[in-house]
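Should a chain be cited, it is by its letter among A, B, C and D, assigned in written order, with residues numbered from 1 in that chain.
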Amino acid sequence: MNATIKTLGLAAAMTLATAPAMAQEKLKVGLLLTLSGPSAVLGQHARDGFQLAMKDLGGKLGGRDVEVIVVDDELKPDVAVTKVKGLIERDKVDFVVGPIFSNVAVATHKPIVDSKTFYISVNAGPSNLAGKSCNPYFFATSYQNDQNHEVLGKVAQDRGYKKVYLLAPNYQAGKDALAGFKRHYKGEIVEESYTPLNTLDFQSELAKIASMQPDAIFTFMPGGMGVNLVKQYRAAGLADRIPFLSAFTVDESTLPAQQDAALGMFGGSNWAPNLDTPQNKKFVQDYVAAYNAVPASYAMHAYDAALLIDAALKATSGKTDNKDALRAAIQKAEFKSLRGDFKLGANGFPIQDFYLVKAAKRSDGKMQTEIVEKVFDDYTDAYAKECAPTN
Amino acid sequence: MAEPLLELRNLRKNYGALVVTDDVSLSVLPGELHAIIGPNGAGKTTLIHQISGMLPSNSGQILFSGEDITDLSMPQRVDRGLARSFQITSILPGFSALENVALAVQARSGSSFRFFGNAAQEKDLNGPAMECLGEVGLAARAHIPAGLLSHGEKRQLELAIGLATAPKLLLLDEPLAGTGHDESQRVVETLRRLKSRLTIMLIEHDMEAVFSLADRVSVLVYGRVIATDTPERIRANPDVRAAYLGEEEMV
Amino acid sequence: MTATLFFVQALNGLQFGLILFLIAAGLTLVFGVMDFINLAHGVQYMVGAYLVAAFSAWTGSFGWALLLALPTALAFGLLLEALVFRHLYDRDHLDQVLATFGVILFLNQGVKFVWGAAPLSVPVPELLSGSVEIANGLLYPVYRLAIIAAGLVIAALLYVLVNHTRVGMLVRAGASNAAMVSALGVNIQRLFMVVFGFGAMLAGFAGAMVAPILSVEPGMGDNILILAFVVIVIGGIGSIRGAFLAALMIGLVDTVGRSFAPNLLRLVLDPAAASQTGRAIAPMLIYIFMAAVLFFRPSGLFPVKR
Amino acid sequence: MTEIAETHPAPAPSLGTRLEVIPVMLFAAFAAAPLLATFSGAEGYVLSLLTRVMIFGIAAMALDLILGYGALVSFGHAAFLGLGGYAVGILASHGFEDALIQIPVALLASAAFAFVTGAISLRTKGVYFIMITLAFGQMVYFLATSLAPYGGDDGMTLASRSLIAGSGWLENDFTFYWFCLLCLFGAYALSRSIVASRFGRVLRGTRENAVRMEAIGFRPFRFQLAAYVISGMMAGLAGCLLANQAEFVSPSFMTWQRSGELIFMVVLGGLGSLHGAIIGAAAFLLLEEFLPEILHTVSFFLSEETRAHLAENWKMVFGPLLILVVLFVRGGIMGLLRRPHHG
C-alpha cells in the first residue's frame, strides 16, 4: 500500500521534473512495438530498422535532436492503450511509430488520433483504417493488409492454376487474407481451410492437401505457425510437387528457423532485401553487420518511417506546432524510399509496386527473399476509395 | 413398546468383497440412550456414517420418525432432526467456538441467503449458541478460536454443535476418545444431563461410561448385531462374552 | 480414399497424443507423488527444444545433440528443483502456482535473452528425412513415424519402470499416499528429486523430438502446458495409464475432430453454415471434451485411489 | 487430494466495529490521486493507469470472494471480463449506448454464464475445478475469436464511452475515474457485507470444513454456486468498465493468461482480505508499467545499450521477484503489512 503510493508519487514526480525540461528542444518519437512473447522478433526488426535510420540520419530528424522512446505493447491491446496514453501525455511524443499487429493498431488508433498526434504504422494496415475509418493523423509506410495476398492471387490467376487450396488461421486477419487472395484469383478453390490460431501441427491439413492434389496452395501463416507449416510441408514431400504461395509466412523473420525447408517457396511483398538499388544494398549490408540478421520488411518500413518524418520536418523547418502544415508535408514528403518508387495516397497508405518473391540462400549462408517478378505497378489499395478524410 | 424414533432394517455396506456392516437391524426408542459397542473394526463408525448419510448403504432401509430416509442427503437428514458428532474432531478451526455453534443455530433458523447484516452480531444466533456452549460447560471459552481449544474442549464443542442443530436424535461417535480423566468426567456429566431431553445413540469404547449411561446396548461384531439389551443383561450375555468381551475383565 | 485419409489423420492424432503424453507423464507424476503443481513444466519442454537446437548447431548432428540435450535437461531440472521447487513442497498449491509462474516468466525471457527472439531451426536428421507412401499420393514423413516409435518405446519403458521396479513401486505408493511412503523410512526427498528430474527430462525429450518439425521459440511451452494439464485431469491425476489414454484421446479428438467436424456438420447443416460452425467449434473441441469427461467423472477417467 | 487453497484462516472482517487503517488509506489514496494526476501534467495517462488498477481491483476482488473465502480457484475468470466487455461492445454497435442498459445486460449475461458453468464445475474439486473453469474460459475465448461481425480476433473499437441516461459524462477522464472509484467502493462494500453476513459465514465455513457444514445441515453446493454467480457478476462489471477504459473490446481480454494474472493479483495481495486483492492488482499493474523504467533508472552506472536491454527484459527480473515474494513473504503483501502489528 505505502509502496504503491510511493511508486505512483515517484512516477508523477519524475514526469513533473522531466517533462517541461525536454519538450522544447528534442523531437520525441514513441515506438510502440511488440517486443515480448513469441512475436517479439517482428517488433525487434522494426525497432532495429528505425534505430539504423536514426544512425544514418545522424541522430536527427528534420534537423532536430530526437529522443526515441520504445515501449512494448505485449500484444495486449488494452495494455497498449494505457502505454500510448503514457507516450502522448507523459512523454509528449510528436509521433507514434508502430505497431506490428492490427488489433493493437485498432485499439490504439482512437487515443492517438484524438490527441492529434501523428501515427505512422510500420506494418499493421487493417482495412477499416485504410477505408471508412481513415484519419488524417494516421499514415502507413507499409501496406494495406490485403495487398500482399492480392499479389499471390494475381500470380495464381496469371499462371493459370485451375485448382487452389487455401489455408489460414481462423481469425480476422486470416479471413481477410483469403478474401484478398480471391480479389484477383478467379479459378476454382478446392477448399478453404481454417486452422485454430496458434496451431502447431498441420499434419491433418497436409494430408488433405495431398489427397486433393491442387495446382497450388495459398496460405497466410504468420510467425511460428509459418515456421511449422513450412517445415512440415517440406517434410511431407509436398514442397516439390505443389507450389507454395504465401504471404507473411516466408520472410526474413521466419526464414532463420525455416532454413532450407523454405527454399523456393513464394511470397508477396513490396520489397525484398535483394532489391537492386544502392541505397537498399547499403541498408541491408549495414543491418546485417549491426544485428547479424537479414532485415525483414518490418525493418524496411520502420527505416522508411524515419525517412518520412525526416523529410516532412525538413519541409516545415523542424516545426511541429502547425499540425495541418505538418500533415501536408508528410503527405507529399519527398524522400528516397528503400523500396524505390513510393508515394502516399490520399488515405495515408502508400502507392507502391508489389513483387512476387522467393526464398533463397545468400552467399553467406543466411536466408532471404528475392524478387522473382513485379506483379503490380503503383498499386493503390482497394479501400482507398472508401476513405473520405474529414477534419 | 413405543414407535421407534430410528429404525434400521437389514442395513449393509460393503467394499467389494469386504463387508463392513452386515444386515444390521436395530431400533432406537424415543428418549433412550442407546449405546453401540464392539471391538475395533466392528463397523461402528461406518454405521454412524450410514445413518447420518455420509456413506450410502448398499442395501437395507433407514427409517426416522417413521419416514424412509435411506436416500436422503446428509443435510436433509439434519433438517429432519438427525445430528452427529465425529470420532475425529471435525470443527472449523478458524472460527471462534461461539461461531462454530452459531453456524449450527443459523442452519436451523431459516435463510442463510442473507447478504447483509453482520452475522457475528446477531443476537438470534449468538443467544442460543451461548446456551448450548453453557450446556457443555464451554461458555467461558466462547471467543477462543476453536483451533486453539484443548482436545477435550474440542470434544465438548462437537457436542455443543450437535445440540445447536436442535436434533431429535444425536449420534455421538466416541465423544470421549482421547480425553483425559477429568475431561471425560465432564463429558459424561453433560451426557447424563442431556439424556433426559434427547434421544441419543452413543458409540463408545469407555465401558464404564457406557454402562453407567445407556438404557440399552447393542453389540456389533464383524458388522453384525449379535445382541441388543439392557446393560445388565448384555453384561451377562454369554454370546457377547464369548465374541467380544471374551477374556477381557468386565467392569 | 476417405478411409486412408482417416487412417492418416488417426496416425497424426497418435503422434500428437504421444508428444502430449511425454509431457503429461512427468507432470502427472510430479503432481500425483508430490502434490506439487508445476506450471514450469512447459518451459522445461521449451528448454529441451532450445538445447537440441543449440547442440545441433554446435555438433552438426541431431543424434549427438539429443544425447547431449537429455542429461543437460535433467541437470537443469535438478537445478531448478534445488533452487526453487524444493522450498515449495510444503506450501499450498497457490503459492506453487505463483512461484512456478515466476519461473515461466524468467525462462521465457531468458531463452530470448540468450538465443534471441527469432525462432531457431533444427534440421530433420538426414537418416529420418523423406517420407513413405502410404497410399496413392499420400506421403507420410519418416520423422513423424520416428516420433511415434519413440513415444511408444518411452511409454512401454515407463510402464515397466512404474509397474515392475522398486522405484516405480515407491512412486505408485507415493501417488496414493505420500505420508505412508515417508513413514516406511524411504528418503522422500530423494524420491522427489528422482521423480522431478525424470519428469523434467521427459518434457525435455518431448521438446527435443519436436524441435525439427516445430518452431523453437520463446513461450512455445505455454500452450502445450495447458494441453498437458487437460490430459492429466482427464486421465486422473497421478495415473500414468490415465495420462497415456487421455493424451491419445486428446490427440485424436483434436486432429480428427479438426479435419472431420465440418464434414460431419455438413450432414445436418448447409455447407457454408457447416464450415462456419465447424471452424468455431474446432478449437473448442478438446475443452468441450474435457468438460464432458469431468461432468460424468469428476475425478478423471482413472482416479488414483487414496 | 488436499483442497487447493489451504489458506490461513482469514479473520472475519467486522464492518464498522473497527476502523481499519489499510482500506481507509487505500481509498483515501484513490480519492486523492486525481489531484496528483492534475499536477503531473499527464493526467490522461495517470488516470488511465489508475483506472485500470481500479478495474482490475474489482475483478481481483471478485475472484478473492470465491478464492480467498470459498477456496474455489477459478482459472477462467477472465471470461467474465470478456463477457462484460462484449456486452458493452455488442450493444453499442447496435445502438444501445447507455450504461443503464449495458450494465444490467452484462450482469445478467455474466450471471447466466456463471450459473450454468458453476453448476457443472462445482461437481469437481481441487485441481479438477481449476481445469474445468479453464475449459469454460477457453470456450468463451474461442467463441469470441470467431465472432466475425464483432471484429473476431482483432476486436472492436467503441465509438465512444457509454452514456449514462443519455448523457456523455463518462467521456471526461475525471468523471470516468470517479465512476470507477464508485464501482470499486460499491463492490468493496458489497463484498465486505457479504463476507460478514450469514451467507458469507457459510461460505467461509465451507472452505474450512465442508463435511462439518453438511453435518450441521448446509448444502455447500448452493452457497458456492451463489458465490460463484456473484463473483462472476462483479467481474462482468469490471469487464464493462475495462471496455470503456480502453474504448475497445477484444478476445485478448479473456486469454487464460489473463485469468492467471487475476489469480496472481489475489495471491500477491494476500488471500481473503478483499482490499488485499486491490493492492495486489495495483502492485501487479504498476510493476508491469514501471519495472522497465525502474530497471533503467537503477542501472545508471551501466552503458546505455545494456540499460535498454535490461529494461526490455524486465520480465527476467519480474519472475524472480514473484518467486522471492512467495518464498519469503507469506500471505502476500497484506501479510507483509500485517506483520509489524503482530510484533
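By definition in this document, a contact is a pair of C-beta atoms (placed from the backbone, for glycine too) under 8 Å apart; a residue touches a chain by one contact, two chains touch by 3 or more.
From a predicted model like this one, the values you see are computed outputs, not experimental measurements.
Any chain bridging subunit B and subunit D, meaning touching each of them, is missing here; the list is empty.
The fewest steps needed to get from subunit B to subunit C, moving only between touching chains, is 2. Put simply, the chain closest to the centre of the protein, by Cα centroids, is D.
Using mean Cα coordinates as chain centres, the one most removed from subunit D is B.
One simple way to say how far apart two chains are is to compare their mean CA positions; for subunit C and subunit D this gives 31 Å.
The centroid of the Cα atoms in subunit A and the matching centroid in subunit D are 34 Å apart. For the pair subunit A and subunit B, the distance between mean C-alpha positions equals 74 Å.
Annotation for subunit C: residues 109, 112, 279-280, 283 touch two or more other chains.
Chain contacts: subunit D has residues 142, 145-146, 315 touching two or more partner chains.
Contacting chain pairs (ordered by label): A-C, A-D, B-D, C-D. Those residues of subunit D whose C-beta lies close enough to touch subunit A in the complex are 22, 25-26, 29, 33, 36-37, 39-46, 48-50, 52, 142, 145-146, 148, 151-157, 242, 245-248, 250, 252-253, 279, 282-283, 286, 288-290, 292-293, 308, 312, 315, 333, 337.
Those residues of subunit A lying in contact with subunit C across their complex are 35-38, 40-41, 44, 170, 192, 194-198, 200-201, 203-205, 207-208, 210-211, 213, 223-225, 227-228, 231-232, 235-238, 253-254, 256-260, 293.
If you check the complex, the residues on subunit C that touch subunit A are 1, 4-5, 8-9, 12, 15-16, 109, 112, 116-121, 123-124, 129-131, 137-141, 143-144, 210, 212-220, 223-224, 255-256, 258-259, 275, 279-280, 282-283. Residue ranges on subunit D touching subunit B, taken from their complex, read 9-10, 12, 14-16, 190, 193-194, 196-202, 204-205, 208-209, 211-219, 223, 226.
The touching residues of subunit B, when paired with subunit D in their complex, are 52, 54, 73-75, 78-79, 83-84, 86, 90-95, 99, 103-104, 106-108, 111-120, 122, 145, 147, 161, 164-165.
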